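Look for chain A in each of the two complexes below; its partner is chain B in the first and chain C in the second.
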Partner chain A sequence: MGEQQAVLGEQQAVLDVQNLRVGFRSGRETTTVVDGVGFTLEPGRCLALVGESGSGKSVTARSILGLAGQNATVTADRLVVGTKNVLTLSVRQLRGLRGADVGLVLQDALVSLDPLRTVGREIADALRLHTRLSPGERSARVQQLLVDVGVPQPEFRARQRSGELSGGLRQRALIASAIALDPPLLIADEPTTALDTTVQEQILLLLERLKREGTAVLLISHDLAVVGRIADRIAVMTDGRIVEQGPADRVLGDPQHEYTKRLIRAVPAGRPRGTPLAPAAAPEVEPEVAPATAADAHAVRREGGAERGARLAGKDGGGGRTAGAPALEAHGLVKSYRNPDGSRRVVVDDVSLSLARGQTLGLVGESGSGKTTTARLVLGLTAPDAGTVALGGAPWSILSERERRPERRRIGAIYQDPLGSFDPRWTVREILTDALTDGRSTRDRGQLPALTELLDSVGLAGSLADRRPLHLSGGQRQRVAIARALAPQPDILVCDEPVSALDVSVQAQVLDLLDELQRERGLSYLFISHDLGVVQHMSDTVAVMLDGRIVESGPSATLFANPADPYTRRLLAASPRLA
Partner chain B sequence: MTSLASAAAAEQGVRRRRSAGRAARWIVTRVAGAVFVLWAVATLIFFGIRLIPGDPAEAILGGPGSRATPEALAQARAEFGLDQPLLTQYLHELGRLATGDFGTSYSLKVPVAHVILDGLGSTLLLTVLSLAVAWLLAIGLALWATRGGRIAATVSTVLEIVAAAVPNFWLGTILILVFSVGFGWLPAISTPGIPGLVLPVLTLAIPLAGFLGQLMRESVLNALDAPFTVSARARGESETGVRLIHALRHAALPAISLSGWAFGSLISGAVVVETVFARPGLGRTLLNAVLIRDIPVVIGVVMVVALVYIVVTIATDLADRLADPRLRAQSSSGGGS
Partner chain C sequence: MSGSAGAPLLPLAASTAHQPSGARRALAHLHVAEVIAGLILLFLLVAALAPQLLTATDPLAIAPASAFTPPSPGHPFGTDESGRDIFTRVVYGARSSLLIGVAATGIGLVLALVLGSLAGLGPRAVDFGVNRLLEVLFAFPGLLLALLFITIFGVGVTTSTIAVGLATAPGYARIIRSQIRSIRGSGFIEAAVVLGRSPGQIFRRSILPNVAAGLFALATLGVGQAIVWASALSFLGLGAVPPAAEWGAMLSAGRTYISVAWWLTFFPGLFVVLAAASATVLGRGLQRRNRER
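What follows is the complex of A and B.
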């Protein structure tokens, strides 16, 4: 924290926070969420507050606006915005501060702008509350603001609502509403988290421009890579404390604190395939399942997979499946849906894929590119309009559901949100028993040894078996989902955004687990993600999807080193990475 | 910039054309649905009412106690076509209804249309006022419950549950006992004019207000937790502003959707309330007609009530769309960025 020389000359700080503490009362107990946090921020600079969920970063941000909540107790040695001491302001004065002195941009403008009101009115509200402009003047100013944040056709867009705008446009509109009064301080709380890579890039550029024009930006994020692009200084938060603070280059390049190092190591972008991202003894993993050292594991991985793949090929030679055929092959898949007005929308357009046994095929693309529909076609959950899918050389998509059902165990799936895919009333034991018995029973009579084995293989303690999904952490839930997918001993797993909802360090553990399972069991993965870093780390071959088509595919190393398609290049350039 | 401009213009044009197509389809579906519902109601009532024991011919001749001669009964049956096969009577009835002719009341010997018109205005006034009062009470309760701290929350919860649970006839009787018999402020029997309306309207509105209040409180709380209210507060909006501009509108959505159903329940409640307060109206007309098996009046009233219900449902749907723009433009999700 001794980096005071980085402060610009005699610039007066816009934000000065010293020893901030925030506690929440519930009943008689008070939980401390922010515990002695301090930082300063000058005009034209950007401080990033980085931490995982529950670290207290958002509460810190909201305390600056006096919006920590009704049950919160906020104390600080200093909590000063410009010249105003936030702690001593009256309710009315606080309202004067919000919007005029500090702007707040939240995650996901779809719900952070009132979905029932036009974005124009939402933006104009800030002007209505703080200025004496007439409605006409306000509307002119709103359109100017929309132009400023890069929204084309402002008159038209101002009359639309958040749900009618694309993710990028509505996030820009949200920013416009926060900067309507030109506040010297802008707090952006996960401003790009719900956005696609290329859109995220544009929003970051916009924030950077505001910074250049003199706004002080307090950026809250869980993503070190995103933060690295625009932050001058980074403060790393965990458990309500700042464990490390300093110039961005130094924190990212030469982290001092153990937690920072772990966070940085957990970022998958640019990390070679097979290297573990999390420390071996991760908190959720039972000690006895901790694998051999990372180096050993890495050495074993290729041969193990190949061996098992060959064995599989040999074993499954009969029954119509061809030895040596790819685990999964899709040819010319087409799927279109009918719009409400009767026109047709082609969602998947001539998609061909080939997944070799024991390998991972990464499918990367932005939202709406057709990734998930492709997954559904591959899983045989949706019938293609044209094209075929074959599993292990045997027909799959052309089978009737009756013929396909006995074979379904060969291909499993895990999804982004495991909670939604579990029956909330079932315990982990019931979920897994159901999967182990092919859905015939949820009652675990003889304490299935397979169940303990299964929990063990995904690194979950047996004591969790009687919990319900709601009482598990995000990482534990995803492990249960993986265990469920593994129960019928599939050859192939379709992983649809399996780590997108997880914190970086938990994501690292889950990716490590998937990698380890592939090595041990010779599994083939179709790995779908919008995150290039994750896909690069996990995949042997990669296919890039745009508007339902595969624009480029090839071996992971070649594709990332030498992208041929302009879209891939754009995606790669926009993808945030460390250093 | 010009290509952007024309793209946006094209987008606007396409949307307008699409929404025109959607609107046309919506209207056709609605009208067809309404016709089907009316036919189904007519059929159910026509056959259903014949399951009630008793002879409609007796109604024609002055009710079950009239001791009419068999010849008179036979003549009445012949006159009103009651001696024809049931199917013929049914088709005949449908044909008349299709031309808007409700026939003549057996007991009153006047066109059913007149009977209905006499009662309709009074019943509609009662139900519409009740709905409005219920909304006002519910909004007040919901705002107070979410604003006034823990005591207000508890008290209003109890109030809502009690209000939603009381039956109309009991509430009506209690209101009469307290305000007419006890204080003597208001008439016990519904008289023309505003004082006569107060108790019947409250009798219908209070249970509904309890129900709507519960619904709205829940959604006000949800809206107050939503990210857009954080954005609004961060803009400097006051607590009152957050409630009036943002939360209340979100809270109204489910209540609007349910108001169509609520209106139906108010009409059936009107049967009870009109009887308790001896107030003229469709409810009482229907009750009397069923008791003496005056089939044309029963069918006529039920058809009109069904029609009112259909109109109200369509109106709620339109109100839903007006209040929630997302229902209007579900399919379109913006251009590029």
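What follows is the complex of A and C.
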């Protein structure tokens, strides 16, 4: 293996980029998006460009294909694919480059494939445009390609349209069309970002196989853990520059640049509960603590939180709430919906949950597993077909909406898409004033002191109060959503994929904030996510959902150390983590 | 957290430095057509509220000696068969035209809001019922519906205003219904439910204002249309009755003399067109701005 790599290493590079600069003109101003980027890529190797949104990684990839855009200025000392200088190619020659010399796989296969044409025709397109194969030969090649990328029943699948395929199959079909002409270079731009963990695993294995077979892969991703699986070299990008580049093991194991260190530190997978992920909230010097010690320290803190939670509950413990009861208890929840053909589809099937006061219950599962429906049942937004939900020992799901309404302040929610959860007409001040005044007013007469306090507690500057959420960053929006949920002083927060749409370092800050708020206020979280790493980092107990059922649940530490259910094991094995 | 803890709460100064103020941005995006339309509507508004400012003459004062004077410095729009100054009559006519346009649109909107909200928020059966009713109303041309109403309740400015309002309501109702439907399913309504807001509060504070934002532009368009319809009804002798200074009625009266005195019909007609066109231009501008936001 080592010998083979050495031989490969001497081969001529498939891709040679030196001092690439890309600027975008708007009006008279030019914004530099890529600023002096350089790397080379040999056959059978994988280079990963890692960075957060706006770092310039996608623009870099597009420039290689001559797709940077109309108003872009691309300059470089070298920008060579194989033997072709991309900078001097005509529009026509660039078209020849795409597909034949470079295959491109994009993140969103649903929009990258034409919904009105069959998958087989989409894949055959490249063959039709670039080769002289007969229709018979083309269809045989399409079948072979689908087999190659691991699509079962290729003849049947080739006749389907992209909307009829699952996310994983769609992404495979897209890869098949990208490799149809055996391009020596494959550019994959966030190829697994929208996919479930187990599907992501399959796609990564496929990319790895293509790499072994000699294709050079330029992998673009925001996810260090994903990249660590298949990349030989990693280049870390921020603000249009590569700040660190080197062999994958070295970059991940012994990062040199401050930004790389921060990125790696922000990955929640495998980091003990309660450890801060972002530097701002962390103490200046924090020695790497052994997991056992961290767990102990955390347990102590947790106890403190639980005590406080119990005390808070005791203080206003009227309304039939029992002091010792868990913050939230769901028993035997069932929910089904009617299909268009009249049959019933069971979405949540006999789900029981118990969330202790001041603790976090992680609910993990892939898309369609019934996580969000469970959240809606817990929040009292839909009525269960069977089963009950109790809050602090008092009935909740069996109440009528009129009876439940005054009690709603006890349970809040934050969502994956905070922007959609805000009235588009309202400023941050109006959103929070509304929440603080129980919906009586959005007019903040004479600056509510509670508003300043609230903004402060979620780490937002007061100067943002008069902005609309549309003009805030993703992390700021989620902070506003958290502030709004906190305004009525709830005991429980239901967090439905709260960090899935955020960059790693922003995700780290939001997770740290949630942790800190839990400690300070004794909050109980029902934390829903598809991301095992995030759930592991955040939860005291974890429940794993599959097809509407909870297949396994238990204390976080035990469950992740000794998963009992085969599905949990599969999920854990598929979940990429840093070595 | 640590950095912002002591930050003073003086947000305005900081944020305005980066973003131009609303008014300045609005001015920068104004089109020439919109400025002209705005000036015309401003003129009509002054005419409607204080016609004495624009003309010293009485719109009903007759002067048989100077009948059929063509446009001249003394009578810029000429005079009619009884020697009444047409400019004065057009100016005074703005009041009833604008009033009918605004009132009819208002009536149509209120009716549409009731129907649209019922359909958009009510149970499926109500939605079904309202939709069928709207379809029946849609099947008749609006003017026919207005004629039917006038036939039943008699001729006059009030009845014709209500009639025009009724005729425009189904169109608005449909739009309101579909807007409410889409807002009802959005995340911020769910967030309001989770915060414990009652259906009444949600309707008043979250649904209605978001519907209204789009409706304002639509209503501006509607005023122009209503002015045309009201003039049409007066022209047919079903609205304002001569000798009242009303554009439709003036058109109708002037029609007899169209071969000898074109100005009798030209100027009232011109103002119907100007009013309707200005309202349309402004309405479209508002719609565009809503979309951009």
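The definition used in the following text is that the second predicted complex is superposed on the first by the 544 of 579 C-alpha atoms of A that agree within 3 Å, B and C clash if a C-alpha of one lies under 4 Å from a C-alpha of the other, contacts with A are read in each partner's own complex, and residues count from 1 in each chain.
Just so it is clear, contacts are C-beta pairs under 8 Å (C-beta built on N, C-alpha and C of every residue); 3 or more make two chains touch, one makes a residue touch a chain.
As the structure is a prediction and not an experimental result, all values here were calculated from the model.
By the touch criterion defined above, A:L169 reaches chain B but does not reach chain C. Shared-chain residue A:E453: touches no atom of chain B or chain C.
Touch criterion not met for A:E213: it reaches neither chain B nor chain C. Residue contacts after overlaying the shared chain place A:E137 against neither chain B nor chain C. Looking at the shared chain after the overlay, A:G420 reaches chain C, while chain B stays out of its contact range.
Once chain A of one complex is fitted onto chain A of the other, the partner contacts of A:G412 are limited to chain C, with no touch recorded for chain B.
When the two structures are aligned on the shared chain, A:D182 is found in touch with neither chain B nor chain C. Only residues 62, 65, 67, 95-100, 102-104, 106-108, 111-117, 122, 125-126, 129-130, 152-153, 156, 160-161, 163-170, 172, 174, 177-178, 180, 199, 202, 339-342 of chain A touch chain B when the two sit together in their complex. Every residue of chain C that touches chain A in the complex is listed here, in rising order: 1-5, 7-12, 14-15, 186-188, 190-198, 201, 205-206, 209-210, 213. Within the complex, the chain A residues that touch chain C are 280-281, 379, 381, 405-409, 411-413, 415, 417, 420-425, 434-435, 438-439, 442, 447, 452, 455-456, 459-467, 484, 488, 513.
Residues of chain B that touch chain A in their complex: 1, 4-5, 8, 12, 18, 21-22, 226-228, 230-238, 241, 245-246, 249-250, 323-326, 329-337.
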